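In the two complexes below, chain A is the common chain; its partner is chain B in one and chain C in the other.
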Partner chain A sequence: MKKLILMMLCVSMILGASAASAFEPVAAKDLKIGFVYVGPVGDGGWTYMHDMGRVEMEEAFPGVESFFVESVAEGPDSVRVMETFIRNGAKLVFATSFGYMDFVQEVAAKNPDVIFMHCSGYKSAPNVGNYFGRMYQARYLSGLVAGKMTKKNVIGFVAANPIPEVIRAINSFTQGARKVNPDVKVKVVWLFSWLDPGKEKEATLALIDAGADVIAMHADSGAAPQTAEEAGVYVVGYNNDMSHYAPTMHLTSPVWDWGMAYKYFVGKVIDGTWESSNIWWGLKEGFVGLSPISKVVPDEVVAIVESEKAKIIEGGWDVFYGPVRNQKGEEVVKSGEKMTDEEMLSMNWFVEGVEGEIPK
Partner chain B sequence: MEVLIPILAAAVRSGTPILYATLGEILTERSGVQNLGLEGLMLMGAFMGFSVTHATGNPWLGVVAAFVKGAAISLVHAFLSVSIGANQVVSGLAVAMFGTGASALLGRKMVGLTVTGFGKIPVPVLSGIPVIGPVFFDHDPLVYISYGLAFFLYWFIFHTRPGLNLRAVGESPIVVDAMGLSAARLRYVYTLVGGGLAAVGGSYLSLAYTKMWSEGMSAGRGWIAVALVIFALWNPVRAILGSYLFGGVGAMQLRIQAAGTSFPAPILMMMPYIFTILVLLVISVKKGKGILLGSPGALGVPYSREERT
Partner chain C sequence: MKYRVVLRRRFKTGLLFEGVLPVLSVAVALVFAGGALSIFGVSPVATYRAMFRGALGSGYGLSEVVVKTIPLVISGIAVALAFRMKIWNIGAEGQIYLGALATAAVVRYFPSGNQAVMLLTMTAGAALAGGAWGYAAGFMKSRWNVNEVITTLMLNYIGLHLADYFIYGSWRDPSSLGFPMTPPFPPSARLPQFFGTRVHLGIIAAVILVLVFRLVIRWTRWGFEIRAIGDNPRAAVYSGIPYGRNVELVLFISGAIAGLAGMTEIAGLQGRLQPGFSPGYGYTAIIVAWLARLNPWAILVVSFFMGVLLVGGETIQVIMRLPLASVQVIQGCILFSVLGFEFFRNYRVFLVRKESG
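After this line comes the complex of A and B, so read on.
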């Protein structure tokens, strides 16, 4: 009998604790924030931009203390890192890569009074929220530019790893390119690595030799733009404005504004108004965008970009609204329909116009 | 044949950093010291080369600085391996980890910067020869130096008196001591030079191949070089073959993808490593006793004059 009462007490305590999903306001000077980075800040790409966002947030909220650990493998070690943050007083943890998902869930369950935000994931809990950017919208805009600037109608795409995020990037870019130039082909070469400047260079050269006169990329360094500049081929960068790698050949780069997101979330935590949600902001909120478009791009192309951007921001249309065809020519999304967020987040097929395979 | 030319040229380009590191390690291992820290040395070389070139505007200074830095780090390894007689595998791995971490820390400020570095200098006349021209004679100066270095080292190791001493100290240091030379001093020198060359290979990555710094940019090439030394059977000319083979297979799989053929890319990526294993198997089976053909007899074994071991 005693055991039963004890067990019921425990269960009701746990239930009671998890029911308290409201978080009290925290003074900025008392707020400690931990960031888990999947790569090095020195990558000049993904993690570098996250860290710039973190610094921007710190400047906006004087008194807040933030710390980070770099190159944390997407495995059990991330649990150790997050728990160390919590032991050091962190009340807010940002996990900046998809692979941390289950580990965030694990640590969050054990620490219900700490807020966790997982980038690019989809599992939530009362104290776990997700955040990501609709980079595909910015990619689409960059595709419009690339599609107009190619003369040979062959665009090369240097792609890192075959995960839905990259596949979606290729697809949205291709949709944009073919919108202004239906004859365009986008050739894909996989690096199987997020960061290897030498390989990025070789992949760029391989695509140029295969006939591409515009290069696009999803990789963490500026090697592809640099190589394109040397070869005299136009290039669309990524993550960061890559015009300093390719002063004359850079067209534009889809970029993130993590600072905007981090300032928003920290503001909410300080106010005590934070709630678990799946945030997937895009052009409208200013989370993603294009770096300044090069002067070599004709004004009428820039006008097309502006008008498509306005269309998306207005809300009546998005990149993966029907009709969308796959590589075989089948209509996967019918006219009048649109892809759901889940379908976009788990995309694993190529649209018409892409030449390349998705390794299984 | 037309299709092959860009692949072969890419093989030379991407094999060059590995070649420098392999040549350096051949020297070190020929003297009897095993330096596994090539990856760390390459990264420190890439960083040093880049930061000095960025500060001075002269890439040659960057290469020299990289060499000196590589030699300096190898000095620690040499001290531990030769003078103290510590476990060379452990010491080498420590060098690798140190180089990786130190270059990352120091390189933080360099991210996003670029240098002019080395541009391509086609060799007059020679670069016009069909096939051979574009493949071998249309690169930057460090590639040309690597050709000369490999052949020079081949001549040095196998056809000169100092080269004989080098081989002797790696096979049997007690003999070298009996000859009146200092086995320890020879090992120090070759370890430093070998480490310096590995660092030069790294500087090639950040000054010629791509003109930027990025953390971890050698992406495992140093480890490949360690294996290639065995693949090359400690012979500098065979090292050329091994390095270009590695570089070439890597470049080839990218071009196959771009051409649109659907050979599974992960299999192509495994190729270089499969090749090494195959060669290791072949040469081990040949010798029969499990001793690698051509391995310096005293490789990895500390020599102490007092104990005559």
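After this line comes the complex of A and C, so read on.
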């Protein structure tokens, strides 16, 4: 028996040792980092926020050098961009959009000594980790605000691509809105694109025409808030505080803090403690949150948001705890049950109160 | 003393002229763009060095330029064929998508473990689908005289959305957690890649197409008909060349070739169908065909040159920390200048002393 324990201890030590020593510590001055961006840095949303995070990280680690390539198509071209980073000395690569997933795997297999972090994907390797956030928690909080602010009980949602990330966003937002206002309906228009300011504007106008008096959005630019401001309709932004796009109509925005994630990963790489992992941080870690809520929102609504936020951070409750009903009113998650992370990550159905279809 | 500028039409150009003109036009563009870079405090010399080193300075860069060249040559030949007959096929992008869609369909519904069989059926499927997309525009043109610029362009959007319909719909990989992409192709449906690079079998197809294009246009009866219609449609019709049938045929073949580019892209590089796999190759092909003045050898050269610009542009962003916009300014200057210098191909410019009185 003792022998067995000893053996197991040895095995675990070997395994542990091999995992820890996979990547040696790197001096900050020797660390070069490449960022693959799906849009232009000036998109004012998704890529803009990643770049803010990159700059924050660079400032936190003097000596670290980082570079980026903008508007990289989510196709075979991304392979060359990552290879170019590596050929110019990058030891760490951040790929900041889902569509790079297969290509990250391809390049990572050929460059086992380079560390890759892929945002929003699900494929890992010894040198590939994933990072994303529980944005649905912040979405839920923004839904509470929107649900209280709509008068017609119709909210429009400008939605990029029908994938689980966006579906989760719509569902959690709707759960929040209906928590405070059970009569709310959320109408969805798909863009089938991450960044297309023209389409984002059209979709916003279409939703306003369809009766929406609050607009929410999941897209990369600030076109929807701008349009809502012009039309005099309340708007919930996304990615960053979008109040500058809609100074009078902006209610709040669910926002990312990529800087904290980039500082965390780069610190780990410098220490030599980086290991492949799947990060899915939420409100508790401060990776996602709400931008300051507008003055037009009554104090009692802000109080509801604060108490729900505290509940989620405490950990006793989360957005997709039962009962959760689908569009047909069927109880998909029963009372007392909760959705697992896997179920949330592959979410492919709408909750009750959403008006729209997921292309099947 | 006064001078005036006199233009004289040029009908023939020498080989030296053909060689010097493009070099000169690129040089002028680099000087011009260099001026813009200096204004922003960026060294033009270092920028250009980064650009050409990235694209041509290593075996890897060169191989990647070739990877970019392949779809541009194939779709460039596709549109050049139609353009030679003055049929404006603006729809190569949609035809590329249809080709890729058919490729994915063949892999899905008629899989074969035998690589040769698999690749041949994929090729046939892609060519048929791309061809059908071109033929649709040809049919409307020949029967109802619908302007093919409009129809081919519109069919691009339909093709793109049709592909999305399947990628987001029933062909979605069930193990992808709902993300839009088809399941990965089996190894037998992948084009072989050479020398440890990403250069794939599509390069052979590209070279063969260049040769065949040359042969067909120059030496066959159909090639003669295409040239005759392209030079003067009315005269061609009077001499008994069937116009409508040729419009349908040329758009079918043109679409089929573009469809092939879609097949080589996804079977050679991507290994599955995903939205947005073509960064506008069908549109770049139009620029390529024009710059090459529909000459197949020149299409090879121009496609390679475009590849250098695109690959080098990425290196500029990495090494010089320049945003994409400044890279596009450089690329735009070069294309603009190359097109502008075409003027000197067509005209000789003289300064003539104005006679007084």
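Operating definition for what follows: the second predicted complex is superposed on the first by the 339 of 360 C-alpha atoms of A that agree within 3 Å, B and C clash if a C-alpha of one lies under 4 Å from a C-alpha of the other, contacts with A are read in each partner's own complex, and residues count from 1 in each chain.
The definition used in the following text is that a residue touches a chain if its C-beta (ideal position, glycine included) is under 8 Å from a C-beta of that chain, and two chains touch if they have at least 3 such contacts.
Just so it is clear, the model here is predicted, and its values are computed rather than measured.
Aligning the two structures on chain A places chain B and chain C in a clash. Of the two partner chains, chain B is the only one touched by A:356; chain C is not.
Of the two partner chains, neither chain B nor chain C is touched by A:173.
In the superposition on chain A, contact is made by A:75 with chain C only, not with chain B. In the superposition on chain A, contact is made by A:43 with chain B only, not with chain C. In the superposed pair of complexes, A:192 makes contact with chain B and with chain C alike.
In the superposition on chain A, A:35 contacts neither chain B nor chain C. Applying the stated touch rule to the two superposed structures, the overlap between the chain B and chain C interfaces on chain A comprises residues 40-41, 192, 359. In the complex of the two chains, the chain B residues touching chain A come out as 6, 10, 13-14, 17, 104, 107-108, 110-112, 114, 205, 209-217, 219, 221, 250-251, 254-255, 257-260, 262, 264-266, 269. Put simply, chain A touches chain B in their complex at residues 40-44, 48, 156, 187-193, 195-203, 205-207, 209-210, 220-223, 226-227, 240, 244-245, 355-357, 359. Interface residues of chain C facing chain A in the complex, by the touch rule stated above, are 54, 58, 60, 64, 67, 161, 164-165, 168-170, 177-180, 184, 198, 265, 269-272, 274-279, 311, 314-315, 317-319, 321, 323-325. On the side of chain A, the complex with chain C involves touching residues 34, 40-41, 67-71, 73-77, 79-81, 83-85, 87-88, 98-99, 102, 122, 161-164, 167, 192, 345-348, 359-360.
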